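I have a structure I would like to understand better, so I am pasting it below and will then ask my questions one at a time.
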Amino acid sequence: MTSDPDPWPDLAGRLTPGGHVLPIRVYFEDTDFSGVVYHASYLRFLERGRSDFLRLLGVSHNRLGEGAEGESLAFAVRHMEIDFLRGARIDDVLQIETALADVTRARIVLRQRVRRGEETIVEATVTVVIVNAAGKPRRLPPSILGRLSASATE
Amino acid sequence: MTSDPDPWPDLAGRLTPGGHVLPIRVYFEDTDFSGVVYHASYLRFLERGRSDFLRLLGVSHNRLGEGAEGESLAFAVRHMEIDFLRGARIDDVLQIETALADVTRARIVLRQRVRRGEETIVEATVTVVIVNAAGKPRRLPPSILGRLSASATE
Amino acid sequence: MTSDPDPWPDLAGRLTPGGHVLPIRVYFEDTDFSGVVYHASYLRFLERGRSDFLRLLGVSHNRLGEGAEGESLAFAVRHMEIDFLRGARIDDVLQIETALADVTRARIVLRQRVRRGEETIVEATVTVVIVNAAGKPRRLPPSILGRLSASATE
Amino acid sequence: MTSDPDPWPDLAGRLTPGGHVLPIRVYFEDTDFSGVVYHASYLRFLERGRSDFLRLLGVSHNRLGEGAEGESLAFAVRHMEIDFLRGARIDDVLQIETALADVTRARIVLRQRVRRGEETIVEATVTVVIVNAAGKPRRLPPSILGRLSASATE
């Protein structure tokens, strides 16, 4: 927001050799009356991880939505397979790990994992496409395809 | 969705002499680890009540957003004062009561109450304005103003 | 809440020959800036459908949590496979269809579908288990197993 | 989670002379179809700010819930007055500022502000109490009262 040095350098997590990691704190909003994190909250966490992975590769939801690639575009999840293995709790610090599994002009496949220390809380495989304002699938812009492919071979 | 008789006649609640009432079930998603409904969930419930009150008066978010009044418009909450008096719990059936307190070209003021049987769970006074896609406040369209005023004098 | 006739008879949807159907309205809270329903919102909708299916079979989250089966129990999602096929929009009325695919002492498998009229918006296969307050899997109480099995053979 | 140096030193924000500041990124989950942040999302942001302010003062939701003060306790919002002044958007970085306005044995009053750079997005005054598992108000534990009072006079 300013030209000063970034006061919150880790806000978008960090790129890793295999992809990206984002720390997340569990707050009241994420839990349910059973005492653990509500299962759909993990999808929000995974989406933050994907967004920040793309952000650190230089991809902006905001600019995509404003038509930077010719028309208004947004990422959309098409398919997800997810295992809920353990229950995270209030105050826990989780790490959201995201790795590129496959990318083509039509879709991106990501492997994601929610960890608490050495424990795996959730594992997911997520297929993402890009759609226009009418919801029609579009080919992945070459700049995004290039950045993702480059990240995978690093 | 079809021209058949409406299969879910009460889905948007009912108009009442003083305004509107909407029943709401408390689900997992609405609660937090403390065992009761998460405080921000009530704002979602209140918004559903306001939306369905307007819906039964003939106001559509969808058509407003698509520019039915000349430009893309959406309701926005400007001010809220809210008392959280009791904690609702999973499986509870709540009633969201909405009454018009005041309406001008610039803003709508609503009194809202979340009830469980005879108990008041939450009380709120909410000021709503209408904004365009750039977030600029706009005058309330005459058709909406007219419908709201008419509802108040019934 | 009262002994009067139920003022909102359809609030929990309806049992169907194959399972259960619940109508859901799309509100502001369910959408995101891309203009359609946020993908994780469908998991909330599906959970409402499962909860109300169980409710109409006589299973109460509240009583389970309070130890009606000997210790505090809650349902937990263990696995989910989900296809997001179309984007629902604000004001849409969706139907959440839930059908029992399989049930054993260890887990319940449900097929679920989110429909808008004749269109399929989302399809999911969901595996649910029951856990105690410490998060340990427990055998499904015989009363719940019996009710589910009976519903499947109707 | 480990005894290594904290890999994410700013995850809970920072104590400031007047209170606390927490950076927050706006993700898909926080926005609605009108293109800006859904109004109830700000309550989630404010709650994160309050939680992390308390966390850095040494107060743990987890330990309170487990009975560290004699019985299971949790914070609950009792009253809120909130102005929604501008609309934040996807990808925005916001700062949640929290300052103690007043504290007694019965309740904590906090002034909170959501900023985007120099702009004020939301302002709120929040009254928080502490309740037991049955939802009954309890006196603020002396250790929490002491830590809050000390923070105010620093």
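A, B, C and D label the chains in the order they appear, each numbered from 1.
Here is the rule we go by: a residue touches a chain if its C-beta (ideal position, glycine included) is under 8 Å from a C-beta of that chain, and two chains touch if they have at least 3 such contacts.
The structure displayed is predicted, hence computed values, not measured ones.
Comparing chain pairs A-B and A-D, the larger number of C-beta contacts belongs to A-D. Separating the centre of chain A from that of chain D, both taken as means of CA atoms, is a distance of 25 Å. Averaging C-alpha coordinates per chain places the centre of chain A 32 Å away from that of chain B.
Within chain D, the positions touching two or more other chains are listed as 28-29, 33-36, 40, 44, 47, 61, 65, 89-90. Interchain contacts join each chain to each other chain, per the touch definition above. The touching residues of chain D, when paired with chain B in their complex, are 33-36, 39-41, 43-44, 47, 61, 65, 74, 76-84, 86-87, 131, 133, 135.
Residues 1-2, 7-12, 23, 25, 27-29, 44, 47-48, 51-52, 55, 60-62, 65, 89-91, 93, 116-117 of chain D are the ones touching chain A in the complex. By the touch criterion stated above, chain C contacts chain D in their complex at residues 28-29, 31-36, 38, 40, 89-90.
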